[in-house]
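Could you have a look at this structure, given as structure tokens, before my questions?
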Amino acid sequence: MLATFCTLFITIVVLVSSLGNASDPDPLQDFCVAVDDYKAAVFVNGKICKDPKLVTANDFFFSGLNKPGNITSPVGAKVTKVFVDKMPALNSLGISLVRIDYIPKGLNPPHMHPRASEILVVMEGTLYVGFITSNPENPNQMNKLFAKILHPGDVYVFPRGLIHFQYNVGKTNGVAFASLNSQNPGVVTLANALFGSNPSIYSDVLAKAFQVDKKLVDCLQSLPWRQN
Amino acid sequence: MLATFCTLFITIVVLVSSLGNASDPDPLQDFCVAVDDYKAAVFVNGKICKDPKLVTANDFFFSGLNKPGNITSPVGAKVTKVFVDKMPALNSLGISLVRIDYIPKGLNPPHMHPRASEILVVMEGTLYVGFITSNPENPNQMNKLFAKILHPGDVYVFPRGLIHFQYNVGKTNGVAFASLNSQNPGVVTLANALFGSNPSIYSDVLAKAFQVDKKLVDCLQSLPWRQN
Amino acid sequence: MLATFCTLFITIVVLVSSLGNASDPDPLQDFCVAVDDYKAAVFVNGKICKDPKLVTANDFFFSGLNKPGNITSPVGAKVTKVFVDKMPALNSLGISLVRIDYIPKGLNPPHMHPRASEILVVMEGTLYVGFITSNPENPNQMNKLFAKILHPGDVYVFPRGLIHFQYNVGKTNGVAFASLNSQNPGVVTLANALFGSNPSIYSDVLAKAFQVDKKLVDCLQSLPWRQN
Amino acid sequence: MLATFCTLFITIVVLVSSLGNASDPDPLQDFCVAVDDYKAAVFVNGKICKDPKLVTANDFFFSGLNKPGNITSPVGAKVTKVFVDKMPALNSLGISLVRIDYIPKGLNPPHMHPRASEILVVMEGTLYVGFITSNPENPNQMNKLFAKILHPGDVYVFPRGLIHFQYNVGKTNGVAFASLNSQNPGVVTLANALFGSNPSIYSDVLAKAFQVDKKLVDCLQSLPWRQN
Amino acid sequence: MLATFCTLFITIVVLVSSLGNASDPDPLQDFCVAVDDYKAAVFVNGKICKDPKLVTANDFFFSGLNKPGNITSPVGAKVTKVFVDKMPALNSLGISLVRIDYIPKGLNPPHMHPRASEILVVMEGTLYVGFITSNPENPNQMNKLFAKILHPGDVYVFPRGLIHFQYNVGKTNGVAFASLNSQNPGVVTLANALFGSNPSIYSDVLAKAFQVDKKLVDCLQSLPWRQN
Amino acid sequence: MLATFCTLFITIVVLVSSLGNASDPDPLQDFCVAVDDYKAAVFVNGKICKDPKLVTANDFFFSGLNKPGNITSPVGAKVTKVFVDKMPALNSLGISLVRIDYIPKGLNPPHMHPRASEILVVMEGTLYVGFITSNPENPNQMNKLFAKILHPGDVYVFPRGLIHFQYNVGKTNGVAFASLNSQNPGVVTLANALFGSNPSIYSDVLAKAFQVDKKLVDCLQSLPWRQN
């Protein structure tokens, strides 16, 4: 019978979310353009560098952020990332960029960046955005939500490692750009990581943590969890 | 009718969890013992320091970690933290410590530390521990869980900013010590932050993110979310 | 007679330019919203923080970047900065943002950021952008220029501390957004700093450095040097 | 005749001591599990990383800290280190751990860690612990010792780069765990480094520095200096 | 006719200048002596390290700074650099050194270091030295010059990333030593980078930035720009 | 009877030694000139800053390093330090300087810097210099000494946190300049800190650590330990 409820509860499939903020080590030369992983014989903290004599202006260049991302996911949002994997010159420079597209009611679901803070500017749409502080020292005080409705031209900042989200509460599509202070900030989409990990976390753990029945956890763990 | 299900699903109340890892700025003098916030006229990144002439050995000292923490929370675990708030000499030194106690089936629920990595050593009990990596570049690949059953004397490490947990799967109480590389690593207990924030996140956001009905979200948001 | 040439040479007045890149110290708490300098009794590396209990969502918010900057300067460009002075929550978070507007032939003149790298995305217009590497080890090899023509949706990155510029070579207005990995990256507009410092640098120094007559230096030092 | 005195003075052979504290560079990915040096074709600051696709939970795991270290050294203490050499996942994470065992009157002799601060918690025994500050600005003021007697459950912190020690003043064996904020904090046991270096420091240097006769230095340099 | 003026304006040829200041990542082992680039199969942020077993005292050694640099350049100054390229043991240690020689009226022309602050001590001669702050927030306030005449034994500090210079205003040769807090601080000699880059910056850009005629820019760009 | 030997052994009184190397946090503005401690109402990691509007060129200036330090100490060396206490503009800039004078057989005794690496250049004299690595992993391998005889113009580097020294083996006075990559590197003169701390370390600890009789320790602890 639980399966019924579980079916009932499912209304939209979550996609991968996206941006954050952090403080990388300093560069030790003008640039250190990354070599693609599949060409690399050696892995290091960060990436190994292309021979500086072979570097050209194209290594510092990326294109296509004028076009909306292709929103195929049920959460109704798409994050187009320009991290060091896509733009090798970001290696050692401590910065990266994303474009986020939202349909009406599109959501960049609650997520956090283990290695970066994030600054976001709204281009189009009306976004409900927020972040939640870490645990209070006083156990009777809840985790604080700092949230706001943003319009075009508005800027908001999400501190490193804290949970945050954006939700398009307007009637038209939304677009935002955001920058993160790491070449590779990482993204942890919370629902996906918790219920869609591989292998699954013991359902006891999640049932106890979320104060729900284990069967609901089993059900949630059986759903598809896709990236946005 | 949902209230019934919601009641049905609730089996255990989650408490706040605890430990993590990070890389603070370097010290600029031998020590900079923190002044308590309530005595501080000024707030800075970190803490302001006590007059060095008034510093004594007691400032570098904390006691009581030989005694089990008082487990009152439904998750069956208690984290006793020694962060800069409790031990002012940690200010500027980039390290801190916790003791964690677990009853059988006690859980330190999924959480992460925005500013620290964590190394844990088991003293007593049998702990199922794990952490989950950030989103995969390949959208068909799930977030990876690196988990293991630990026994006394075993050590595990949780990288900075990633979700992790410990669950006592043994029949006796468990005890672990863990250290984090920040004076104030922060703790974000995920279920608490998501469903227990103040004010609440719009339930639409959480329903879409977790692929569940909004009524379940409303119900979860009405539960007490306590720290462990 | 030199005065004549000086007049002859002058065709457009340069304004101060703007963006850059850098790696700040890590945060030691969730946030440390800056207190305005004029209210601060104490100055520190970075800024002192507002009492955390008084912080609201508005501290993380800035608005107005949807409107073009007011281009009044002869270089034909305006940089609207969102550094920690304008958005106090950036304190300790290691990131900031600018909007740049250009008329046709508008120039964000050669400048560098002592404390940040910069990532730029073009919204409108056709921009000739570039940066120059530091001195070569081989003295017969010149400082390398990495330059490119950018169109809307194109992204470019300028490494920390290197000279860079953008020039609108299109027939319509240009708009770009750029982010820098410091709360306060600093901007050194080279022509302004060299010829418009207060007090002036001895003209001998500049004449020798630029391989020009001292009278030309005197003339340049007598010009108005305004920020853009 | 000096040999006689020298023999007379020697009462216990010192072993290498162990723990400390420091602030490593930040990670640039979720993890960078180290490759063993003997397999590495290339050396870097830190360690090169294992191919991420080959990483398993065992890389984050170490065992055996429940057992006392094997105390064979005359100083009567044994430090069991879990640095990046033993636990490759510590690479890029900025943290490490040690277990220290002491017989009664067992000593972890004066030492320091060039790259880490250290937090220590006592499990068993009664330890006299302390650290010494750096040189005073006022030349008539001595280097300050901050020392204390610790019992089980007590915690103490040793700031980065300062000389510190632990001495078991109780009648039973002692056990402590300590954590250091570097993957590879380094240990400099002072007596060993000064009198047991290879090759030896000119005895003139040590005689003058320690205000003793050169023959005593010669004698000390001829002793075996072993690690604990 | 412009060529004539251009000839007229040229009085002395500028050479490359030299020193600065910055904060590199921390070392993760006692040392990491660099391998020469031409022997390196792999490039990283910084340099890869020599096998530690092969390191000798000579790797930490450099000689010849007792002899004046060979001043062949028209600016009348020579900077002898001891950066990581010349002294491989500087790799990962975050420090470097230069010796600067000046003939009377010799100039170390305006330059900056993208990755370091610099401390300078005068050995011989009378030097006019200074640095210029970044752009003022108040657009009517000019960039500030902090300058001073130095004599033997005088020390001055140039903050990271800011433009600075030294000019020998005495009648005898000058000598200074300076140290920078990066293994590879980088040097950007402003006149050289702006007018001598390869390829050249569009002359429109420089004409507008410097408020001069394009023909003067063309002329300056045709000059030889050599390093000092 | 031991007292006799002890008297016998004492030949020269050691003074405090001086220099080292380290990596401070990055600056967050052009400069942050320190306020003197005795004027400061507040202490922070580093120093609080002078109101920027009141800063002048003199804040970046220090003089007198052309004159030999006044060598009054029995070790026959004098270190004249230019740390942030003497030159307030060093605050937040991560660099400092010393001049060292040596009589023939003058010694800058074994010491280390908890927060800095050091680069040294010899001006006059013949110096035997060296540093010792941290404990070997292989317990049969001794701590390695990297030592060399230096002449004028020679440069040597001492890695952060490692024990090092300089000894004038020439027949004339020696002079060296050294720079350290911290505004406040700290100096721990080992003999002084170990035998001259206040209060004294239990003599048992030192007797065991140095493999000598407790009476020799008592005797050494009763000697005057002065800074050089």
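Labels A, B, C, D, E and F are assigned to the chains in the order they are written; within every chain, residues are numbered from 1.
By definition in this document, a residue touches a chain if its C-beta (ideal position, glycine included) is under 8 Å from a C-beta of that chain, and two chains touch if they have at least 3 such contacts.
The shown structure was predicted, so the numbers you read here are calculated from the model rather than taken from an experiment.
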item: Type of chain B:chain F copy interface by residue overlap (half), same or different; value: different
item: Equivalent of A-D within the choices E-F, A-C or D-E, defined by over half of its residue contact pairs recurring; value: D-E
item: Which of C-E and E-F has more C-beta contact pairs; value: C-E
item: Separation of chain B from chain C, taking each centre as the mean of its C-alpha atoms, in whole Å; value: 41
item: Distance between chain centroids, defined by C-alpha means - chain B, chain E (Å); value: 48
item: Interchain centroid distance [CA atoms averaged], chain B/chain D, Å; value: 29
item: Numbers and ranges of chain A residues touching at least 2 other chains; value: 22-27, 30, 42, 44, 46, 114-115, 130, 134, 147, 159-160, 162, 186
item: Arrangement of touching chains [line / ring / star / complete / other]; value: other
item: Chain pairs that touch, as defined at the top of this document; value: A-B, A-C, A-D, A-E, B-C, B-D, B-F, C-E, C-F, D-E, D-F, E-F
item: Complex contact set, residues of chain A against chain B; value: 5, 8-14, 16-17, 23, 74-76, 85, 105, 107, 109-110, 112-115, 128, 130, 132, 134-137, 139, 141-145, 147, 159-163, 165, 167, 186-202, 204-214, 216, 220, 223, 225-227
item: Chain D residues within the chain B interface of the complex; value: 21-27, 30-31, 55-58, 60-67, 82, 87, 89-90, 93-97, 99, 117-119, 121-123, 130-131, 133-134, 146-148, 150-157, 159-160, 162, 177, 179-181
item: Chain F contact footprint on chain C (complex, rising order); value: 22-25, 42-47, 114-115, 182-184, 186
item: Chain E partner contacts - residues on chain A that touch it in the complex; value: 25-30, 32, 41-42, 44, 46, 48-52, 91-92
